[in-house]
Each structure stands twice: as C-alpha cells, then as structure tokens.
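Down below are the structures I want you to see.
First chain A sits with chain B, and in the next complex the same chain sits with chain C.
Here is the complex of A and B:
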C-alpha cells in the first residue's frame, strides 16, 4: 500500500510495495548478469539513513536522476516483457521524482555538503565500473535503494 | 518497414472507467480483407528520456478488433502516449498517435454495485469485484431520526461481509463508494439500500 517518505521537510506518498513487487519479478534475471561481486554502488555509508534528514531529499533526487538518465535507458532488455517491467519501474519512480521536484521548487530539497559528498561517492562507485557493468549492477541494486526509501 | 500504403487507423481515443482503459479507433475499411492492428505505448519516462522507444502493448500485437485493453500497460500515474498502425499481409500503415497523452488519473469512477442481505439478524454486504486497485468505503446506519452513521473500509475479496448485527423491528441502510489509492480519488456514493428486520423490538 501507500507509504509516506519523510525526507526532512519534504514528505512524499508513494506505493513502494508495488514498485518492490515489480522489481522482484526482474531481480533474479538482472542480478544473474552481474559478475562483479566485490563492489557495491549503493553502500550503507552513503545510505539515506546515514544522511541527515534535511539532506535526504537531495540525495534521493540525485539518485533517481542517475537511474533515469543512465540506468533504465541503458539496460539491454532482452525481450518485450522485460522492457515493459523496466518501463513500469521507471515511470513509477518518475512519479516520485516529480514529487521531489515540487519539494525542490518549495525550497524543501536543499543540497548541502553532506548529501552532495555522499552522492558523489556513489557516482564514483558507479563510474569506476565499465559502463555496461555499472548499468547492470545499479539496476540489480535497485532493491537497496527501495529499502532505503522504505526505512526513511 | 513495409511500404506504408495502407491508410492509417483514425479517431483514436481512450475510454477509461474504473481503471479499465480501452483504446479505440476507427478501423481501416478494406472490403473482403482482414486488417490487423498493433498498438504501442510509451510512458512519460520514455518520452522524456528515450523518445525513440515505443513498447508493444502486452495484449494487442496483430489484433483484428479496432480496440485494445491497455490497462496492463498503463501502470503508473503519468501521461502515456499511445499509437496504432494497420497491417495487411506485408503492407503496413503509418502510425496514428493519440492526440493527447492519457493519464489514468482521468479514469471515471462509478459508484459501486452493492448487494445487501440479511442472514438472521446479520446485515451482510456483497460488493462487485473491480480489481486490485479498489477499496470500498461503506457507510451504514439504522434508519431512525438522528441515527449515527458507521463507516467501514473494505478491500473486496469477492465474499459477503458481515457489517452489523441488527435489532428486530429496525431498518438499516447502506451505501458505498470506491477509493483508488494509486490515483488518490474516490467515486460518488451508491444509492442507499435498506433492509428491515421483522419481529418485536426487544424491551429495554
């Protein structure tokens, strides 16, 4: 059902459960393509929980932008069914991103030093990998991001 | 692509009620021929980040009828572009695209069909099965001046639900409305339906 994400003064309502259930249908096939087992892009030290509440909206907004611009559109969907599921994920997360943009417009999504440092660290983790491997790993780690959102 | 020598389908529109979204169009009329249609969609994500990508509808690749249930394709509350083309043998038409993107939050929500019954002194309600998106807000009250209205939220498991235990000699009324979380909207209430319980009112 619907969940309320408390991101500092930015409050967003979303159906995380539905997004998680769509991802669970993809998880196995995506994670099976990830051969790199000693690197994590989304690490606990850069999690939403480890970020002060006032920086969480900014961090989540940057992460969703990363997924929108560099992950969902670069994942090589092997068939139409996978393409539909990725579309479902991307469009559902887009509704959250649009809500975060409203928070930003209402000055509730400030990007402070901490949030930017954590995002840049995640970006370094992402960019140290070969592009295709980074896309596969990042998509496979979407459940981590959803878990972070669940725990806010 | 085959040479686009077939006329394209026209007059695309979406009829949407209770989260069932039906794309309809005017068929391509070729007497004596069976024309097939294919539907594709793109959500706001695709139109923003990968506008060249169109996704084949899950139900309508080479369908004969000039309509397509796109409910399973429209899975987020964002605008969706939809397009159709005709196919006859190796010949295909140009794509016809819906003029305005469709957003499921525009679906028409109708008051639910409600059936109430008595099982002895038990007031029982049965609601129509509208699918997983729907919850029902049920209001029931004893029909007498100043009666208090009781509310109950039900998820429809397609089985009769016990609402209340009635007192003999009293009449009880029920009405319901649907609520769809995904679009944060509810329908109007249904018309109240009442039942009466025979028998003497019990002495206080």
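Here is the complex of A and C:
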C-alpha cells in the first residue's frame, strides 16, 4: 500500500508497508545483537513529529544519508539471506532519498537550525558508541524511523 | 533474603501477549520443576533508559503471567521484561524478552459486529475495538484513534449455496447486497493494520437470515 509522506512542502509517495514488512523479518535477530539497552539513538525529542513540518524533509534526508553511508554498508550480515533483506531495505530507502533530493533541488527541503540541531544530536548519540555497536543499534532502531515516517 | 542465583533453571518462552495494548508478560515454568512450589519475580526496562524497574505486584508470585499494561502504556517507547524463578533459597538467572514495541506488535482485537437483515441485503455496522484502559471508568479510547489506517476484512458465508467471499472495508458500515431471500448467512470480521504482519483474532461467527421475499409471499395468498 502506497503511503504519502508529508514533509512540509515536500510530498513523497512510498510503499512504507513493504519496507516495514521486510524489516519485521529481521527485527528480532538484529535487535538481539544490541546489548546496549540503556542508549537509544532515535529518541522522541529528535523525532520527525517533534520537528516543525518545514524541517522534516531535511532531517529525514540527513537520517537516510546516515543509514545509507554508515549503517547498511557496515552491518555484519551473518548470512546471505539477511544480506539480501538489508539490501532490499537499502534500495527502498534510497528511492525515498532520491525523491527528497528532488525536493531539495526545488527548494522544498530547507535545512534550518532546528532540523540541524536535532540531526546533530542524533549523530552524537550514534558516534558516542563504538562503530560496530552503533551500526547494530541503528539498524535495530529502523522500526522507530519507519514509524516516524508513517506518522508524518 | 537474597537467593543464590543460577542454581535453578530459568523460566522458558518469556514473551509478551499483547492485544489492544493490554500487554501481559507470560512464561513457562523452568524445565524439570513442574509441580515444585516455585515462585517468580518480574522486572521491566524502558529501552534507552538506565534502570530495571520492579513491578511490586509481580514479586514472588505463583502464577506464570504478569500484566505490565500500565508499565508499558506509552506505546511509542520500547521495552524489555525479565523473570526469574525462586525456590527456597535458590533462584534462576533472569530470562529476558526481546525488545517489545507495543505500537508495532499489539494484536488488534476483533470489532463489534451488528447485523440487520432485509429481503436481499444485510447491513453490517462495525465498532472498532477499544484500547486497554487502566480503570473501567477511564474514558474509552478506540484503536481507530491510534491506528488511523485500521481496516477490516469481512468474510461472508451463504449456508445454502456454501459459497464464501470476503471484502476489505475501511469505514464502519457495509451493506451486503444481491443476497438470496430467506437464506441464512454467517459473518466473521478481522481487524488489521497495513504494515508488518501481526497475529489477528477474528470476531465470533454471527449468522442471520435474510427476510422472506414479500412479492412471492403476496402471490401465495
């Protein structure tokens, strides 16, 4: 089922349900590898919902770039099947990222102070962890990011 | 009196059973200790926070479940829970759940279903299930308010022709048309939310007969 993401003046259509379904097949095994339970990278105070609409596109675009460049590529997939599912997730989110780049090109994806502060806070949470632990935790929190997108 | 940890086997199959945000932790007794007078103690944890928290009502209990609905009612948070077995001065290590995300995992219970027959049609009115509430007198919150994309799968069975069909609906009223008069039809409805698959419990089967066709009734006179 296609879903429209309202990100301020940037509107993107995507099959969020399919992405959620693919991630739900990975979720428990990925989260079981994250034993740092007292740190959460994607916190509600930095959520898309907690960001003014005009900053949501920028925040999501930055987050997807973080996942593309530092999470999906570095996740230690234990088997080929997991690797295939992760690349399906990456490709689906890459499509969304390309749509957000179009919004950026059309001046609909402005990075204001609020959005950048929230992104930098998330980045601090991510970078305070040892790299491998950060990658595992971030992938385990994809259900949170997808939920933020669902609720826009 | 602190117990000696690790001498007992752990409880098994520790999971949350969640329906309409009623989140109950359940488990099986440790292997090999059936019939032994074992008690259990439960703790829970909010992902991203610092401490395991006690649930006083689930300390040294005999039953193998613990209702953590109130403690896990902020469904935007994610949780862990754990339980250990205690017998005399011995206790097991903790047995822990995976990360529990009520918003994604809770089962959406069946809706209320009201049927009104006519000669060749049946009107169906659905009432969305209610979210768990702490006190009976609390204001009811419909699961529709939490899941705006809540849908229903209505299955209909013609007991005469033995034919079954189903259809998806998003609003709460539906009229089944082109039915046969004076025929018993049975209806079952399942609620669902598009997204990751969730277990679903259908409504009780309800059967009702369409009315006698008045035109044929007049001819008979």
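Operating definition for what follows: the second predicted complex is superposed on the first by the 152 of 152 C-alpha atoms of A that agree within 3 Å, B and C clash if a C-alpha of one lies under 4 Å from a C-alpha of the other, contacts with A are read in each partner's own complex, and residues count from 1 in each chain.
Keep in mind that, in the parts below, a residue touches a chain if its C-beta (ideal position, glycine included) is under 8 Å from a C-beta of that chain, and two chains touch if they have at least 3 such contacts.
As the structure is a computational prediction, the values presented were derived from the model and not from experiment.
> Based on the superposition on chain A, does the combination of chain B and chain C result in a clash or a fit?
Fit: chain B and chain C sit side by side once superposed on chain A.
> Is A:91 touching the first partner chain B, the second partner chain C, both, or neither of them?
The first partner, chain B, only.
> Tell me the contact category for A:6 with respect to chain B and chain C: first, second, both or neither.
Neither partner.
> Quick one: is A:23 in contact with chain B, with chain C, with both, or with neither? Answer first, second, both or neither.
After superposition on chain A, A:23 lies in contact with chain C alone.
> Counting only touches as set out at the top, which of chain B and chain C does A:80 meet: first, second, both, neither?
first
> In the overlaid three-chain picture, which partner chain does A:128 touch, first (chain B) or second (chain C), both, or neither?
neither
> Touching A:15 in the superposition: chain B (first), chain C (second), both, neither?
After superposition on chain A, A:15 lies in contact with chain B alone.
> Touch check for A:72: first (chain B), second (chain C), both, or neither?
first
> Taking CA centres after the superposition, what's the angle at chain A between the directions to chain B and chain C, given in steps of 10 degrees?
80
> Can you give the closest approach of chain B to chain C, taken over C-alpha atoms and in whole Å, for the superposition?
Comparing every C-alpha of chain B with every C-alpha of chain C, the smallest gap is 7 Å.
> Shared contact residues on chain A, chain B side and chain C side combined as an intersection?
Comparing the two interfaces on chain A, one with chain B and one with chain C, the shared residues are 1.
> Which part of chain C faces chain A closely enough to touch in the complex?
Against chain A, the touching part of chain C is residues 45, 47-50, 76, 78, 80, 98-99, 101, 103-104, 194-197.
> Okay, in this complex, where on chain A does chain C touch?
By the definition above, chain A touches chain C via 1, 16-17, 20-21, 23-24, 27-28, 31-32, 34, 37-40, 43-44, 140, 143-144, 147, 150.
> Okay, in this complex, where on chain B does chain A touch?
That would be residues 42-46, 48-50, 53, 55-56, 58, 73, 75-78, 181-182 of chain B.
> Contact residues on chain A for chain B in the complex?
1-2, 15, 18, 22, 68-69, 72-73, 80, 83-84, 87-88, 90-92, 94-95, 98
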